[in-house]
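In the two complexes that follow, subunit A is the common piece, with subunit B as its partner first and subunit C second.
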Partner chain A sequence: MGKRALIAVTAFSAIVWIILFWIVPLPVIILTVIAWIVLLIFNKELGAKILFIASASAAVIAVGLICVFLFAQGIPAMLDIGVLNFLTGTDWRPTWNPPLYGILPMIAGSLYVTAGAILFGVPVGIFAAVFMAKFCPRRIHKVLKPAINLLAGIPSVVYGYFGMVVLVPFVRENFGGNGNSILTASMLLGMMILPTIITISEHAIRAVPPEIYDGAVALGASHESATFKAVLPAAKSGVTASVILGIGRAVGETMAVRMVAGNQAVMRMPHEFLSGTRTLTSNVVIELGYAYGDHRAALIATGVVLFAFILLINTMFMRIRGRK
Partner chain B sequence: MKFSISNMDLFYGDFQALKNINIEIPANEITAFIGPSGCGKSTLIKSLNRMNDLTEGCKITGEIFLDGENIYGNIDVNALRKRVGMVFQKPNPFPMSVYDNIAFAPRTHGIKSKFKLNEIVEKSLRDAAIWEELKDRLKKSALSLSGGQQQRLCIARALSVQPDVLLMDEPTSALDPISTAKIEELVLKLKKDYTIVIVTHNMQQAVRISDNTGFFLLGELVEYGDTQQLFSVPANKRTEDYITGRFG
Partner chain C sequence: MFKKFFRKKPTDRIFFLASWASIIATAAVLFFVVGYVLINGLPHISPALFAVQFTTENQSLFPALIGTLMIVGLSLVLAVPLGVCSAIYLVEYAKRGSRFVKIVRLTTETLAGIPSIVYGLFGFIFFGVFLGWGLSLMSGAFTVSIMILPLIMRTTEESLKSVPDTYREGSFGLGAGKLRTVMLIILPSAMPGILAGVILAVGRIIGETAAIIFTLGNVARMPNNLFDTGRTLSAHMYALANEGTHPGEAHATAAVLLIVVILINALSSRVARFIKA
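Moving on, here comes the complex of A and B:
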């Protein structure tokens, strides 16, 4: 291990962390200092090892701290309101006296837009992945691949802007309502989860051993049936994983949804897909700016629920990945 | 004659993998291709059901006739592959149930009736002599079978479309001796109904099961004839050197 590389790694991680977040680097910095002392005085191998552990643990420490802060503030609020009241209450009236903190409308809102995103995004995404892996000439692939990567890199506020100026008027004129609706948010989210689904599914389809395809073709199956009936089923776990990751992205998306969903904290039924809705994420971002006291704590508790959802989705993702 | 190949050359890009091949493969007999690695024997067998079409840069000149019809002429390739089944070197069952593996091809070719599919699955597995072992495990994943069972399942899968010809590309090279013996026994049994072309690395295997043998070297067909004759009194010096183990 070159000394120059060690200096670069240390300097880089220190600068990044100090800029990002001052609490997290403390343990990392302490470890790093210890690492350097060991490195210079005692044993180079051991010092380098500690340094790498310090870098690797930065991510774990960050997750741990987020959990601690979120739960420390959110759980007491939830208990205060009453877990059942909080999760199943259909009225969100933080300014009433006494205030009502029921987040069921937001849980439903998150579920609706996510389900809608799956409806719009998953079939298109999987077919696009099949096309890219098995049908697309190399020349077109060269254009398509970077385009999809670019789609993944567009900031969500830009998606939101596109939704406001294109999708909202489109829905208003063709389907009715004022355009800020569950449907609009679903369409936009469907678009946003495409790169996740396409990239991971394409990878999974390409990872299927060529013998599977050859075996199907040797039985007289056409290119299409070999692809859809033999190769795609063989890539099932990877494709499912991509869908779950896409769902994770849809549940967590905030800015774009907030810009097109209308944001009314009102309990909606699925057939009211032309009305506005508010998701868990937008609930936090809309009100946290001016909330204080119990109201603020209730918003953080909303974050806890969101966190639980994401945890669930990630666990499912890892289960499916591990099954292979 | 089932296959008759005349003046066939095969190129991978600029590299000539087969040189002026002329060979006649008789029906309902087992024909073995032997030779060292890279001699072109696998390439030739893959030309018989046009699997070489999938290889980029592969070009073929000359003619290959199947029952008098030029398979590189204006024909339906999928129909050809239905008539000329193939078993690969490495068992390649689809990652689905035993039943679905066998039913895959009939379904692809449009058979929907559950009754008919059941019939085909049973018949194919019986023909591949694996029905007794698998009849209670039809719903189990094919990947849970042993290597030898997987290979016989792949043979059953190839039989599910009722081909005329069975091409086998080193079908036992990944298997243990007991599984190998079972497959050889099966191949001998299948000869009654099918024309079999088998590529093998194992000269004893060619002696044990084949009626005719072709010896390939560096893309050329050095010698072709009756198996007993070729192995006891080879006409060509290079054949003799190979079968007596001087090289290869």
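Moving on, here comes the complex of A and C:
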């Protein structure tokens, strides 16, 4: 399937829906529904099949709408500000006259907290996944599996709140600074991506054919060596996919980061990991509520940049997962 | 397991210890988060927290609770039929590997990966501004239903696939048509799996904040009609945490939110286990 076909279908369905919502008057929609019901009465099989196909296209339509509306509002704003000014400007001063809209500090902030989350979350996540798949007694597994599902289900505001009242004071007292920092956000994000990495990696490790483990043991390897030197490399693509998905979670996480990261829209260097930063996501969530005009457009453009990052990460995820 | 530890090679010992340490760290994160929130929150839960009217004194979470129920109900009404029908198409009707199926799968995975703030932004632009629904139950429910669509589709697909082919063959053999087979034979046997997915989706909606505050809004009252604004429990939690003026109520709200999520998770796995029985 070509990329062109995908774009064509998405654009087409988006247009159809815009027309549906906007131009087509209600009577026409009602008539369509009546026509469908008549069809259903005379030919149940065909009518139902049409309903099922229409439902299946809903996801396509939704993605089309999201792309069209975000890009249609974000890209003109970006061109207005100047793409280079927008992406590489180090000053975000929406209230100045003339206002400055540079999101490099936010791009850097997103990268820092994500890198930090990888540092904290990925090693622990992968080792924990290996444990779950290869070392865990069945009785412990029965307890741990739902626990990890629960970890994935805890709302991000609860994580954020936990970060605010526990991690922020902890970092302030042990590392200095005021606690709302890149480090705090990284620690919190590292916790939040654990379940994603563990679940998918465990699945990948379990999917490795048993012959690989058996072969290694037959050649004299211990349980640990066989697991880490034969089985884990065989599960490489699945484990990598889980890490990429975790990165996607970390880049897209909003509430928790916004509550612990300090949110200063100032360009930081990596060694300033004890000072606050603002990510792309928190930039939108902090200012969208009261922004209007150009400022709102600049925020939507921020969303577009974030969306582009996410699409890139998703594509990588699907590539790697498809490879196995 | 531990007895043999000192007979292992040094590298093996490191691997062994690292795995144990990692899983203990993971479990510790869970216990610490859940324990901290519950221990600090439960003592602050009081009847005033469930007063019908929100005032600055009581910081009642009741309107937010009702708002949550409304959003959950409305978005399930929108997303469940759509998700189940599209999964039926993908599993029962579509030809394997057809172009349309590939596109649907690709877009579903894309939807699953979009962060909630982007949904919030989109809902705000499209439902709020473009369609003129403003901050309302309708904008919120539509936005959230797009968000949970991939989850419902995936779980329904999984449970439809787990229905053995002999059921289909038996039904066709007795002369039933495709639609009758799907509706009366396959769907009922796939029901527990679908239900488990729906319950997971409810959990996802309850935990959602970023997409809610720009579509439903964050006003502490119950919505009066479909085009009225309100807030959900997690949006309420966010507001309380940010204001920082009512730490007791914030602790209590976090505990209530967490308890709801734990209950929903337990319910979902209970229902999912039912499928294997």
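The definition used in the following text is that the second predicted complex is superposed on the first by the 285 of 324 C-alpha atoms of A that agree within 3 Å, B and C clash if a C-alpha of one lies under 4 Å from a C-alpha of the other, contacts with A are read in each partner's own complex, and residues count from 1 in each chain.
We adopt the following convention: a contact is a pair of C-beta atoms (placed from the backbone, for glycine too) under 8 Å apart; a residue touches a chain by one contact, two chains touch by 3 or more.
Remember, predicted model here, so these are calculated numbers, not experimental data.
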| item | value |
| --- | --- |
| Which superposed partner A:Pro233 touches (first subunit B, second subunit C, both, neither) | first |
| Partner chain in contact with A:Ala241 - subunit B first, subunit C second, else both or neither | neither |
| Contacts of A:Leu274 with subunit B and subunit C, given as first, second, both or neither | neither |
| Which superposed partner A:Ile212 touches (first subunit B, second subunit C, both, neither) | first |
| Subunit B versus subunit C as contact partner of A:Gly220, first or second or both or neither | first |
| Touched partner set for A:Asn314, first subunit B, second subunit C, both or neither | second |
| First (subunit B), second (subunit C), both or neither touched by A:Gly252 | second |
| Which superposed partner A:Val60 touches (first subunit B, second subunit C, both, neither) | second |
| Contacts of A:Leu150 with subunit B and subunit C, given as first, second, both or neither | second |
| Touching both subunit B and subunit C, residues of subunit A | 222, 225 |
| Subunit B-facing residues of subunit A, complex | 209, 211-212, 214-222, 225, 229-230, 233-234 |
| Subunit B to subunit A touching residues, read off their complex | 49, 51, 54, 78-82, 85-86, 88, 90, 92-96, 104-105, 107-109, 154, 157-158, 160-161 |
| Residues of subunit A that touch subunit C when the two form their complex | 1, 5-6, 9-10, 21, 44-45, 48-49, 51-60, 62-63, 65-66, 69-70, 73, 123-128, 130-132, 135-137, 144, 146-151, 153-162, 164-166, 191, 194, 198, 222-225, 227-228, 245, 248, 251-255, 259, 281, 284-285, 288-289, 299-300, 303, 306-307, 310-311, 313-314, 317-318 |
| Footprint of subunit A on subunit C - complex, ascending | 1, 8-9, 11-12, 15-16, 18-23, 25-27, 29-30, 32-34, 36-37, 40, 81-83, 85-86, 88-90, 93-94, 99-100, 102-104, 106-111, 113-122, 124-126, 130-131, 146, 149-150, 153, 177-179, 200, 203, 206-210, 213-214, 234, 237-238, 241-242, 250, 254, 257-258, 261-262, 264-266, 269 |
